[in-house]
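Here come two complexes built around chain A, the first alongside chain B, the second alongside chain C.
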Partner chain A sequence: MTMTDIMPPGLALKKVDERIMTLNVGPQHPGSGHMRIVVQIDGDYIVACDPDPGYVHRGEEKMAEYRNYITNVPHLERPVIHDSCNVLYPYVLGAEEILGIEVPERAKYVRVICSELNRCIYTMYWLAIYGIFLGHSTMFMWPAGDRELLIDLMEKVSGARVTHAHFIPGGVRNDLPANFEDVCLRQVNYFEKRIKEYAAVFYDNPILISRTQDTGVLSRENAIRYGTTGSVLRASGVDYDLRVKAPYDVYDELDVHTNVMKEGDSYARSKVPWLDMMESCNIIRQALQKMPKSGSVRTKLKPNPKTKGPATVYKRVESGRGSLGCYIVSDGKTEPYRVKMSVPSFRNLLAMPNLLIGEKLGNMPSVYWSLNYWPVEADR
Partner chain B sequence: MSALAPKFKLSEFIKSLLDNAFWMVLLVSLIGLPIIQIILFYIEMPVIDGELLTPFLAMTWLADPTRTLPIVKAFMATDMFRVMAFPGFGFAALIAAATIFVERKMLAKLQLRVGPFYCGKIEGILQLMGDGLKLISKEIIIPAKADKPIFWAAPVIFVATAAAFVALIPVAPGWVVADVDLGLLGVFAVIGFFPIITILSAWSANSKFPFIGGIRALFQMVSFEIPLILSLLGVVILTGTLNLSEIAASQSSFPWIIFLPVGAIVFFITMLAELERIPFDLPEAESEIVAGWLTEFSGMMYGLVQLGTYLKLYAFAGLFVVLFLGGWNGPMVVPPFPEELLTGVEMGPLTVGPFPGLPLFDQEMLNGTLWFVLKTVGVIFFILLPRGVFPRIRIDMLLSLGWTKLIGLAFVNIFIALGLLYAGVLGPGGLQ
Partner chain C sequence: MGTATGIIRALNSGIKHLAIKRFTLRYPEEKLKFVGDGYQFDPSTGVGIAGLKGRHMLFHDHCTGCQLCSIACEGVAEAIAMVKVPEEQKQNKKSIMPQIDYGKCVFCGLCVDACPFYALYMTNDYELSSFTKEGLIYTPAQLAVKPYLTQDSEIQITDRGATHG
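On to the complex of A and B.
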């Protein structure tokens, strides 16, 4: 092993062609997020790309080994605070199965509603950043303002604006507030009307289409081979959505439509989450209709629940970025022995170096952010 | 001993005042007075009633109200007033400041925001002043490996070049700082300076992101200068002159945009690119190259570059108005100056006036300025508007747009102008 092999990327003392310039994009760069991308460019073309995550590693998985099954809830949602219900979902499902807790029917519907609302909140935030990465300041301000509608709804439900900690093993923390169904229906209808207006200013914009079409094309075979999930996989023509393929809670009773595009380019990857938001609105309306109007939303738990003996469980859900899994190992104590989160962000990031090679430097932000990647979630 | 200043002593206060006064007298007598002498030597003071206006004479005359107005009027005829105040720097800076405020408010309304609100009671009208104070008070940080003389000089040269551009724009009949016969050629010369300044500042910063931004700016400006110049040839062919005042005067019946719409569109698009406005703001694309060639500028150096950018924006909008929208020409809406003020108004037992020196501005000048400002503000509005609607385009799309489509359209415009000329419809001097 030579010195260059063990050096961190970007610091490697490789002799490169004099034409090639190494750019450190991040972590203090407006177009990088909480990570660093080491890009080598020849003129305006990217010849090598080395994503370097790990700047926001907080040891969430290790922290989970020192807390019991209930107190794990507030900190396991921290990786993606905008999508906190979905991030917590697989852990809660797994804990329920491993502890043998039954969940009331109404709680399952409340979870589906909260989960879809959170998917929209996350996607709007993601879309705002995608807009400003392309220099479209209106597309930054509009989603950032319109997601307040749904944040207000979630505040009514859980009391917190972003980190809800609403899902707990055994149901949800609180029942829905009075008159929630009417308010939710009204807000969601208005929200859907608003996001349809984005087509005129953003998705049908000729400059945007000519800029993002045929850039960073991820073929169907490569999308499957790199292990991408979620909107990235669906934009490459793979009809894969866990809400349909492996339904959890009450998704099997709801009519879920999957949005698939065949192009696999940056434009398709940016459009699929937008279509998914409209689908989320449909799901929320169905769930509000089918939800039992009254009943318990939480099974009463013992103070320190523990498993009967050693047990393992793996549960996964469709989050805002793709398939999000949680693997829990228990050795019979009150704390889990090991909690492992299998996050979609990191798997989507793996496709990035191959997509960026040969692209122009101007395409880097759009290809990077179209991968539906959340740096904090990848680091955990 | 007061509670506000417990260590206050009257004797020390007076001593400090005397200290300061000593230094002030010393500095004024050693540095200030010679500088004033040197300035007075170079400035041509006006001659009033056959007497050269010295500062001493001006101060004695100011005591007499009937002689104040002639002094003011004589001062307005000097070159210094033209350069610093009315058609020159002060006027342009005022419009530039208004442009920044309108841009921020308009963009905010477009994006369902409020925009500047708290600074200055009325809709945040003093926000720009606050931003300016902030920029002035900030520390200027120079990169250690920068080529310091060039890096320091670049923002100043940028503002100076933009001001030189402003000097060429005629605002009203006879009101232009530099009324040169080859005015349009002068405009091309000034525009040719901007890429040089940009690449100098970008290269001297010795940093990677400014370097890429500077190269992009160089590509963009050089490749859009050719369609810019070609699109203006149509107007030159039809008017037969390069003097901007004559070009504006030739449009007294109709503006050239009626006959040369293609040239106007090409000029407008190239103008956006030269100004680095969205969708052509690649040299400052923040998600790709931080702030492009402005990355290493801090404090007032950045403020100067911004000032230069907005002066340039005003100058380009003014050039568009002069060349295609008829300059100062428009229906007479300013009422004539009341004649009574010239002869004197009788108010009962008193007779007020006559006021020698009135009117300060003639009717044509006020009307021309009004129409010029209205048209310029309209053009600036259309320059600002794409920022709310379009994303940024890519460098290869930009270059293919400049080198293929816009140059082709500019040639189409030249053929239209030549056709009109040879068909005898229009000729030098315009259709009267």
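On to the complex of A and C.
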């Protein structure tokens, strides 16, 4: 099935008359990432669009079949290195069920803290790119600099700036360093103060509003029909967040508020992740307060653990882009029989051809990037 | 809010930053300070000790040549090769020790988790660039050297903004 098959009839890339020009955007283009978007334009208006992902396919799922449950950890977080804890999260939850191991209570809280920190790190990077797509250099520099505050925290916890390899079946690799609670609280509070300053320079900026409001409107019905998730779905007025609807680890003990906007345009889709970052700061503060002050963070496990027997698991978490699932089939051997990742990026991309019809070509980057699409994750 | 007011507010919030301290870390004059002496692992409890996952450090008097680090790395990067060493250690009958290719290593630290003899740790040394591919391969003798580091910058948060002190 290609992208054009699911588009409404009459919009597929078939008729090309003399007025219409076909334009390739990408696959190496600052406005597309590692992906090609074939657009047909009539003057300045887009009449048809066919996204063409698949340029950074790495075969992660096949690679997972040849490695055991522990050595799968470093390569399965590669699809989104900025959001590496969240990408690994469903796999780790599934592997724990297959291996039949319990996770200590403190480890669950550490995971929630790392997951929220990573969500902010990813969103800040995404926001920086969104700023530069719109030609707003300040919005590129500020988020790119301020995410260092959180990268510094993750570096203290896991020992790596990105690709932390911190989550592991059985808990987390190591305990939080001494004095981490104070440093984390101080830096997260300052981070929250900083992102609130973005309102004046970006979200209340009349230039941004005039460029993004009422462009690429995704209605509530279409958002559900195309199967979009995460911030795209919430920006279209659907109150759906897995942290609230299907809590994993200790999210049911924390007070999580979901940010929903009704408009469904590019502006709403760019604002919801920003509001989510403030919610993440709240969650981190709650988790630091409720976390058990001592205790183990990792169940002891052999380097090549044995499974309990054939099993099938599907786990999903709310990542920086939306609900991210991992389906693991085990045939009782030390390696998984099959690992399938169900990624939010690809599902959000399905909505794109419909959104761009009738838009100006200049609005394409803002609509495309507001869908919270990460090319590497969609290809895996 | 009108268009003019909005633009003035946006410009104003940027101008305020002229009076705020610079956040940029001036690498390599300044270097960030890390917690601890690098990522370590305690096999008795099965839990790691927080620290930077940098270049490895090998303790020749603990290494038994059991190859567990090499086996752990097979599924990740195949960066570790077991090589003959000239010296004779009492616990190392085969006289083989790990040699690490940093052109392949992904710094996940699973080799440190695999070592049951407290022989392989990681250090805060992350400046490993080399002009040749051979320069990235660290022999057991090179891995035994403790790095000399001057890392003392930390993020400081004041009323006038954050800075790397």
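The working rule: the second predicted complex is superposed on the first by the 365 of 380 C-alpha atoms of A that agree within 3 Å, B and C clash if a C-alpha of one lies under 4 Å from a C-alpha of the other, contacts with A are read in each partner's own complex, and residues count from 1 in each chain.
As a working rule, a contact is a pair of C-beta atoms (placed from the backbone, for glycine too) under 8 Å apart; a residue touches a chain by one contact, two chains touch by 3 or more.
Please read these numbers as outputs of a predicted model, since none were measured by experiment.
Novice: After the match on chain A, would you call chain B and chain C a fit or a clash?
Specialist: On the superposed model, which is not a single observed complex, chain B and chain C fit side by side.
Novice: If you count the residues of chain A that each partner touches, which comes out higher, chain B or chain C?
Specialist: C
Novice: Which angle, as a multiple of 10 degrees, do chain B and chain C span at the CA centre of chain A?
Specialist: 80
Novice: Could you look at A:145 and tell me whether it touches chain B, chain C, both or neither (first, second, both, neither)?
Specialist: Once the two structures are laid over each other on A, A:145 reaches both partners.
Novice: For A:68, is the partner it touches chain B (first), chain C (second), both, or none of the two (neither)?
Specialist: second
Novice: Touching A:213 in the superposition: chain B (first), chain C (second), both, neither?
Specialist: A:213 contacts neither chain B nor chain C.
Novice: On the A-aligned overlay, A:201 touches which partner chain: chain B = first, chain C = second, or both, or neither?
Specialist: After superposition on chain A, A:201 lies in contact with both partners, chain B and chain C.
Novice: Between chain B (first) and chain C (second), which, if any, makes contact with A:173: first, second, both or neither?
Specialist: After superposition on chain A, A:173 lies in contact with chain C alone.
Novice: For A:289 in the superposed arrangement: first (chain B), second (chain C), both or neither?
Specialist: neither
Novice: Contacts for A:133 in the overlay, against chain B (first) and chain C (second): which applies, first, second, both or neither?
Specialist: A:133 contacts chain B only, not chain C.
Novice: If we overlay the two complexes on their shared chain A, which of chain B and chain C does A:301 touch? Say first, second, both or neither.
Specialist: After superposition on chain A, A:301 lies in contact with chain C alone.
Novice: Counting only touches as set out at the top, which of chain B and chain C does A:312 meet: first, second, both, neither?
Specialist: neither
Novice: What does the superposition give for the shortest Cα distance from chain B to chain C, in Å?
Specialist: Superposed on chain A, the two chains' closest C-alpha atoms are separated by 5 Å.
Novice: I'd like to check the shared interface: which positions of chain A are touched by both chain B and chain C across the two complexes?
Specialist: 138, 145, 201, 205, 207
Novice: What residues on chain B touch chain A, complex-wise?
Specialist: Touch residues, chain B against chain A: 107, 110-113, 208-209, 212, 278-279, 281-282, 285-290, 387-397.
Novice: If we count contacts the way the header does, which residues on chain A are in touch with chain C in the complex?
Specialist: Touch residues, chain A against chain C: 66-68, 70-75, 138, 145, 148-149, 152, 155-160, 163, 165, 173-178, 186-187, 190, 197, 200-202, 204-207, 209, 296-301, 303.
Novice: Contact residues on chain A for chain B in the complex?
Specialist: 21, 23, 29-31, 44, 131-142, 145, 201, 205, 207-208, 210-211, 360-365
Novice: What does chain C use to touch chain A in their complex?
Specialist: The contact residues of chain C facing chain A are 1-3, 6-7, 9-10, 12-14, 23-25, 32, 34-36, 38-39, 41, 45-54, 68, 71-72, 74-77, 106-110, 113-114, 122, 155, 157, 162.
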